[in-house]
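Chain lettering (A, B, C and D) follows the sequence in which the chains are written, and residue indices restart at 1 in each chain.
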Amino acid sequence: MSAVLGPNSYGKSEVRLVKVDRGAERHELRDLTVAVALTGDFEAAHMRGDNTGLLATDTMRNTVYALARQHPIESPEAFAALLVEHFLQAGPSVTGARVRIVEHPWARVGSHPQAFEREAGGEHVAIVTGDGAGIAVQAGIDDLLVLKTSGSGWEGFEREQYTSLPETDDRIMATVVTALWDYRHAAEVGYGQTWAAARATVLGAFGDHYSPSVQFTLRRMGEAVIDAHPEIERVHFSLPNRHHLLFDLERFGLDNPNVVFQPTTEPYGLIEGTVERG
Amino acid sequence: MSAVLGPNSYGKSEVRLVKVDRGAERHELRDLTVAVALTGDFEAAHMRGDNTGLLATDTMRNTVYALARQHPIESPEAFAALLVEHFLQAGPSVTGARVRIVEHPWARVGSHPQAFEREAGGEHVAIVTGDGAGIAVQAGIDDLLVLKTSGSGWEGFEREQYTSLPETDDRIMATVVTALWDYRHAAEVGYGQTWAAARATVLGAFGDHYSPSVQFTLRRMGEAVIDAHPEIERVHFSLPNRHHLLFDLERFGLDNPNVVFQPTTEPYGLIEGTVERG
Amino acid sequence: MSAVLGPNSYGKSEVRLVKVDRGAERHELRDLTVAVALTGDFEAAHMRGDNTGLLATDTMRNTVYALARQHPIESPEAFAALLVEHFLQAGPSVTGARVRIVEHPWARVGSHPQAFEREAGGEHVAIVTGDGAGIAVQAGIDDLLVLKTSGSGWEGFEREQYTSLPETDDRIMATVVTALWDYRHAAEVGYGQTWAAARATVLGAFGDHYSPSVQFTLRRMGEAVIDAHPEIERVHFSLPNRHHLLFDLERFGLDNPNVVFQPTTEPYGLIEGTVERG
Amino acid sequence: MSAVLGPNSYGKSEVRLVKVDRGAERHELRDLTVAVALTGDFEAAHMRGDNTGLLATDTMRNTVYALARQHPIESPEAFAALLVEHFLQAGPSVTGARVRIVEHPWARVGSHPQAFEREAGGEHVAIVTGDGAGIAVQAGIDDLLVLKTSGSGWEGFEREQYTSLPETDDRIMATVVTALWDYRHAAEVGYGQTWAAARATVLGAFGDHYSPSVQFTLRRMGEAVIDAHPEIERVHFSLPNRHHLLFDLERFGLDNPNVVFQPTTEPYGLIEGTVERG
């Protein structure tokens, strides 16, 4: 037979977990979506249908809930690390584990001890990978919508045969920030505090300059993160350019001095890049 | 021919509009999605392909942007009313207009004059209908996620041959509030303030009692709205019961005193009802 | 207290059910999503938290699976009717039941006895409502995407101050058909065959004429259904106009004789209407 | 400054294109979603806001439509290759281009010359990357839902402290196939025919064996592709295990001999792997 098995993995995705910390005075809440993926020597299962030693993905799901019961969840990073350690013990065939956790934000309703409403501001992503020798920890932000009503332009770009876009030094810039950063000495990081601080850094840098391009703002946000957070080695951004088109009102005898815009969902520019410690 | 034309309407949906109020010191932002629907005598178009006097839906779109340029948008309700008045003038064949606007919430980034981030807390819905004799104004909330970690139960219900659910006096209650209310003397309402106040009333009532059922909480929230807001005649709620199942850990020798839950998306209970002024 | 309870209902939505008919030679498959809603006298639960006699929505879910085991599923309409009859027996407080079923289409892979692939062509919707005196049966189509590359125009419409759309006698017409029809003598209908035949009628009528407007095509499709299917009393269509814009290539020195189009998702026209037996 | 720019790219995503081939007798239709990404030396834009020589993503969009007008679209692979060649000429700063195209399937309505309905069977994906020295071509399938009502099991797996899943030799196996394969001598491949043939191979292999695990079926489908298509070097599959849970009816005094199932969307197993030519 000429076909051979290449790289492969398996695991459980979209494990939804809410853990309530029922403090005497008030409750706290963690709302997580967990994905587990294992790598290793799974040749027998693929080639001969021999499942010996294979952890069922259903068992992975059970494990997420069982470990959540037995351990405090200080942060998604710490809980992901705990899960990685556990799954690396799953048997001799497992050589690597990767756990990705997304934390969904909730805010307390006033000072109510038990009532919460969903919060905006982006989801907290944690990715931990381990291979028995050590772990690598990444953290990041998903789904953080930001918009600047001015202070952004796009000029001096290439003009060729298929170029029709006018230059502008005043446009709306809007994007949905996806950020992911690598921690250097992961074990020593205060994950929760650092995440909140890095998120604040990103938000601050989004607005602290005139933006000549999404690329420039991407680099600026990355630079701000690297400068402010010595525990972060590099940060990657994926920034869709959610175009807000100035609506043409001239044909109706009206001016439109950057007041009325048509947001569009497709197509969109997609700017991606990494900023690293030099 | 035996077939005749019954009730019909047409219009434009998902008109996306961002309007920037470029104040000297800082910008304000309205982010709206508008839907227009007209009713009237459109028999000729349907039966004979005669489009005389028919407003193109593309024209409706243009009109949304043109009126947004020429008038302040004090609230989605007021802007919807303006559009209804306009479209009722569209020609003799138009006898009714309905405009539905959803406002997407943004929060200022710190005290930045021009930077915003998407906010949670539910979208602001406004529906205005007019027929030439007058207008009716509805307002409401979409997509307000709330959750209570305790203070909710489900007991004393019918037990029959297909009933397996245990009774409980301590469960998580979570829902996505959709609310829509009718204003009495619409013209005299301060729409923006009333919406914010009604939203606060709903949030407060969600948490101010032990909930024996979603039905009870629905009625309680409605009652609170009716009691606190004399300008509101009735309020309708649609409340999906986002079940959070207590995960069975006993089989692994672990207890689970309402700590670890599995949120599920399907199936879900759906509780709907109206509370009216008596 | 000034607030009173108005109309209300409750039930279970998104109950996912797959039933396999394990015939000796080959398997058949039904893939359904079921929603149940009950109306009745639920005042005690809403006002006093008294759940006596109330069927849990979890019981409704169980019932769907239990009845699916005990009865053949000849069609979504027949199964919905069975469920309605069952739920009307749920107790004295229940006075009405409504069951909506969506059947998701699968096609056999070749002549394989047990392998299937998801099919297109629209989902089969059935809605049955009952109040003890009798049942009403509706059937319909969801999510049927159709497109005509020519033979469609939009001319002679109103031109006023905000009109910019040019007239055309050759455009792409594309829509996602949602249709829902009422059966007259519901009990005597062959639901499965009629649904397939009505779907074929709609598809045939979509393409059998030059379309001067979506309105005209809506009426034409409705007329075809009424003419061909005496068991159908009326049919309602909801037809989003999925605009395909001719892309402007003139600015690049290229013509575009209805060849290259930009499909858009927002905004969209929305044409709705009913055609009835005269 | 300690921060430096790392790997980066930019481009335009979700460019929607419909091209009509208006043959004398009947029309043909291509419905594509195109994404373009460029890599190169974009340091000046990121660091200094100097956009000199940068192609606007709006220009990329225009180019997709302009080239679609000027060239036949024989296949998404060929059109992607054409776009890659074009964008590699975009200027000295561009060193790499990647174009991903998804073709959405339509089927002719009967023998109608111009009417189409959306088809199932999976979307046709093509990814072409080029760096000036040559191009690499990948093709694949997205969103192909398949299900086997029997002939699938999961036995002999690891049983440990958190394992609760019973073994079974008869379950429903359902997945949404995502496949992506590499062509060897890309230029010589008949892309359209090969894609259809490879899709048929995947579908056939899905059902041609008793499946002891999704892993086994993944490998089997890969092997079939490698064996049948000498132009394919390797194939990667991503197979979510869309669990269909046997609904527990015993508690209601009913048996359930693999007849009534509850499909679930979350959590799901995720099996991924590559099969290569040996």
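Rule of thumb we're sticking to: contacts are C-beta pairs under 8 Å (C-beta built on N, C-alpha and C of every residue); 3 or more make two chains touch, one makes a residue touch a chain.
What you are looking at is a predicted structure, and each value in this text was computed from that prediction instead of being measured.
**Student:** Count the C-beta contact pairs for B-D and for A-D, then tell me which is higher.
**Tutor:** Most C-beta pairs in contact, of the two: A-D.
**Student:** What's the distance between the Cα centroids of chain C and chain D, rounded to whole Å?
**Tutor:** 29
**Student:** Need the CA-centroid distance for the pair chain B / chain D, whole Å please.
**Tutor:** Comparing mean C-alpha positions, chain D is 37 Å from chain B.
**Student:** Give, as an integer number of Å, the spacing between the C-alpha centres of chain D and chain A.
**Tutor:** Going by mean C-alpha positions, chain A sits 23 Å from chain D.
**Student:** Of all residues in chain C, which are in touch with two or more distinct other chains?
**Tutor:** Answer for chain C, listing residues that touch two or more other chains: 16, 62, 66, 162, 164, 252, 264-266.
**Student:** Quick one: label the inter-chain contact graph as line, ring, star, complete or other.
**Tutor:** complete
**Student:** Which residues of chain D touch chain B in the complex?
**Tutor:** Per the stated touch rule, the residues are 161-162, 164, 251-252, 264-266.
**Student:** Would you pull the chain A residues touching chain D in the complex into a rising list?
**Tutor:** Result: residues 1-16, 35, 37, 42, 45-47, 49-59, 61-63, 66, 90-91, 154-158, 160, 162-165, 212-216, 218-219, 222-223, 226-227, 234, 236, 240-241, 265-278 of chain A touch chain D.
**Student:** Which stretch or stretches of chain C touch chain D in the complex?
**Tutor:** By the definition above, chain C touches chain D via 16-22, 27, 29, 31, 62, 65-66, 68-70, 106-107, 109-110, 112, 114-121, 144-151, 172, 203-204, 206-207, 244, 247, 249, 252, 254-264.
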